[in-house]
Amino acid sequence: MLKRGATGLLLIFTLWAGGVYLFQVPGYLLPGPGEVLERLVFLYKNAQLTTHIFVTLTEIFWGFFYGSLIGIGVALVFARLPILERIATPFILLLQTAPKIAIAPLLLLWLGLGPAPKIVLVAVVTFFPVMTGMLTGLKYVHKSYLDLAKVLKLNRWQRFLHIELPSALPTLFAGASVATTLAITAAVIGELMGANKGLGYLLSAGQENADSATVMGMVLLLSLIGWLFYEIFELMRRRMEARFSDV
Amino acid sequence: MIFQSRRQPERLPQSYIPTQFRSLRQSRQPATNLVGSQLPMVKVDIVIFSQLSSLPTMIQNTLRGLDLITIRGVTKTFEMGKERVTALAPIDQQINKGQFVSIIGPSGCGKSTLLRLIAGLDDVTEGEIKLDTKGVKRPVGFVFQDAVLLPWKSVIDNIRFPLDCAGVKRAAGDKRAQELIELVGLKGFETALPKQLSGGMRQRAAIARALADDPPILLMDEPFSAVDLLTRETLNDELLQIWQRTGKTILLVTHSVEEAAYLGTQVMVMTPRPGRLKKTISVDLPHPRGEQTKLDPNYHKLVMELRQDMRGKT
Amino acid sequence: MLARIKPVFEYGIALGVLYFVWWYASVPMAMPKYLLPSPGDTLNALWTMALENKLQPHLYYTSQNIILGLLIGSVVGIALAYLLYRLPRLSAILDGPLVVFQTAPKIALAPLFVVWFGLGLGSKLILIFSLVFFPVLLGALAGFRGIDSRMNDLSKLLELNIFEQFFKIDFMAALPGIFVGLKIGAVQALVGAILAEWISGQQGLGFLMTLATATYKTPLLFGAVLLTSLFGIALHVGITAIEHFALSWKAQDDQ
C-alpha cells in the first residue's frame, strides 16, 4: 500500500511536471512542481509556513483525540448497556446522516476564529466512524469465542479484556482510518470558513489573490498529511487484523 | 417444439423419419443398453482404455463416427506464480452420443478441470477437444456445484436467461421455460426468487437453465453435493428421467461411487498427481434404473470395484 | 406493518426531542438571540423567505447541482471501476495514483477549480464530481471484484459480449457495492455543493449561510443549516429506499 502510494505519487508528479512543461500551461492556471516548491520555500521563509502547518496539525490532533475518546467511550457504554444504545440509535443515525460540516458556520459563530471551532468540527466528524467501528467489533464477537469465555468461566472484565477488546481492535482501526480523511477535510473546511492561521487560511488567502502556486502548495501539503495519516492508520489496522481478526 | 427445430434443424418431425429408424430415434437410450436390457444376465464389462486404442484402426474409426466428444492428448497445466501445476496428464477419451458418463476420482485429480476444458471455460495446454455438434450455436450446458442462479431474477427469468441472451422472443422463451419448470418439478415456483428456494430446488432450476436452449451436451460438476441425501436420491432419479426423455449426452462429476454407478452408462475413473484417466468402465445395468437397481448384485459388484479403483489398487 | 411504522415513529420521537432541547435552550434558558435563535424565529425566517419565493431558487439550485454531480460522478465512477476490473494491467498502473487521490482532501482543490472553471456552475459540478467519484469508484470496484467467478463462467458459457455481460450480470451483481459507495458519495455531494457555494456563488443553501452570516441574520443562518441537514437526511433516506427496492432479491443474511 505504502509502495503503491509512493509510486502513484511519483507518477502524478511526472505527469504534472511533464504536462505543464510540454503544453506550456501558464502559471496562473497550473503552476509546475518547481514553481510550487519555490512558493512553499518562500512561504517558509517569509510567512511562517511552519506555524501554519503546526496550527492545522494541532487542530487535527486534538479534534481526532477528543472525537475518538468520546467515540470509544460511547461505544463501551452502549456495549454494556444495550438499552441505552436502543434509545440513542435514532439520534445517532439522524446526526450521522446529517452533513456535519453544515454546522461549521454555527461553530464559527459560537466559538470565534480561533482553533476551537475547528477542533470541535474535527471531533464531530471523527466521532461517528470511530464509535461505529468500536461498537461493531464489540458486538460481533465470533460466537465460538463467547462460548469459550463461558466454558472458561471468565468474568465480565476478563471477557472484555481478552475477548471483546481484541475482537474490536480491527474494526476500531478501520473506523479510525476512515476518520483520518474526514478529520483533515473538516479542519480545512473550518479554516476556510474563517481563520487567521492554518493551511486552510493560506489556501483561502491564495484563492483571494488568485495565487495558484500557493493554492497548489497547500493542496500538496494537505494531501501529504492526509496520505501519511491514512497510511499510518491503515498499517495499524492491518496489524490488528492480522493479529486479532480471527477472534 | 419451436426450439428444437430452431436450434437443431437436423431434428426432423417424426413423420419425416423412415420407420425403421424411428424406433432408434425414439428410444434415446444408447444402443448398448438396449442390448444389455434384453440379456437375462448383465455382465459388468470393463474396458481399459488403452486396450481400445490397440484395436484395429478401422474399428476405431467406425467407433469414432458415433463420437460426440473427442478428447485427444489433452493436458492442462496451471501457472501459480513461478510454480507450474500439472492438473491433467495427457488424456484421450471418446464419448458417444447419448451416453451418461460419470466421472469419479479423488479430490484434486482434475475432474473439474476436464469439465471446464470441454465446456470451453478454460483453454487446453496441449491436445484438442472436438465436439461433433455442427450447427449448434451453444453446444454445452453446465451445472455448477452450487446453482449460481442470478439472485435478482425469478426462477422463470433465470431459466429463460440463456434464451433471452440468444435473442429468442419473450413468448417463445416463456413457453420453453414453462416446459422446463414442469420437467424439473418446480411448478408453482415460477416467480419465486432464488433466496426463497431450498438448495435442492435451486439446483433443479440450475439444471433447467442448463437445458434451456437445448444443448446436446450437459456437463455437471458435483451438482448434488450441496443437497441432503434424500433430496439427492430424488434428484438422481429425476436426472435419469430427464436424460431418457431428452436424449442428452451427460457428463457428471461426483464423489459418490454409488451415484456414479447408479446413473452412468460409463464411469471414468481418474487418479491424481498428475490427474489422469485410469480406466473407463461401461456399466451394463438395465434401464430404466430405480430401487431395484440398488438391489442388483451387479450394482454392488460395480460399486466395490469402483471403490477399489479409487483407492489406487489396480 | 408495525415493523414499518416503528422506525418512522422512533425517528419522529428523536426529532421531537432534539427540537425540544433546542427550544428549551433558546426560550426558557434565554440564550442570546444572535447566538441561538429560537425554533420559532428560525422557522419564521424561512417561512417569510419562502412566502416571497426567495427560498425556493436556492433550494432548487443546490439540489440540481447535487443531483447532476451525483449522476455524473456515479456513471463515470462505475465505468472506470469496470474498466479497472476488466483490465488488470490498467489497474496495476492506476492503483497508486488512485490511492493518493482518494486520501487527498479534495475540497482543498476547490479554489483551484474556481480558477480553472470560473465562478459558475462548472467549478461547482467539478468539485461535487470529484467528491462523488472516488467513493463510487471504490464501492463499485469492490463490488465487481467480489463477483463470484462462476458468474463469469456463466457469461462465457452463454457467449455474452462485454456489454451484455455488464448490463445483464456484472452491474447487478456489483450493485450492493455500488450502493455502499453511492451512500457515501451522496453525503459528499452535499458537502461539496455547500462548500462550493461558500467559496463562490450567488445562489444555493451554502450561499444563504454566508449571506446570513455577513448580514448577522442568525435565524436565517440556523434555517439554512437546518434545511441542509434535512436535505442530507432526505438524500440518505431516498437512496436507502432505492437500495432497498433494487436489492430486494438479496438474501437477508448477507444484506
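Think of it as A, B and C in the order they're written, each chain with its own count starting at 1.
Going forward, a residue touches a chain if its C-beta (ideal position, glycine included) is under 8 Å from a C-beta of that chain, and two chains touch if they have at least 3 such contacts.
Predicted model only: the values in this text are computed from it and were never measured.
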| query | Which chain pair has the highest count of C-beta pairs that touch? | reply | A-C
| task | Pick the chain whose C-alpha centre of mass, unweighted, sits closest to the average of all protein C-alpha coordinates shown. | result | C
| message | Quick check for the class: compute each chain's Cα centroid; which one is farthest from the centroid of chain A? | response | B
| note | Between chain A and chain C, the Cα-mean centres are separated in Å by 19
| field | chain B-chain C separation of Cα centroids, rounded to whole Å | value | 51
| message | Report the inter-centroid distance (CA atoms only) between chain A and chain B in whole Å. | response | 57
| request: In the complex, go through chain A and note every residue touching chain C. | output: 1, 4-12, 28-30, 89-91, 93-94, 97-99, 101-103, 105-106, 108-110, 180-181, 184-185, 188-189, 192-193, 200, 203-204, 206-207, 210, 212, 215-216, 218-219, 222-223, 226-227, 230
| query | What residues of chain C sit close enough to touch chain B in their complex? | reply | 148, 150-151, 153-154, 156-160, 164, 168-169, 172-173, 175, 249-252
| field | Of chain C, residues touching chain A in the complex | value | 7, 10-11, 13-15, 17-18, 35, 93, 95-101, 103-105, 107-112, 114-116, 187, 190-191, 194-195, 198-199, 209-210, 212-213, 218, 221-222, 225, 228-233, 236-237
| request: Could you pull out which chain B residues touch chain C in their complex? | output: 116, 119-121, 137-138, 140-142, 144, 146, 148, 150-153, 161-162, 164-166, 193-195
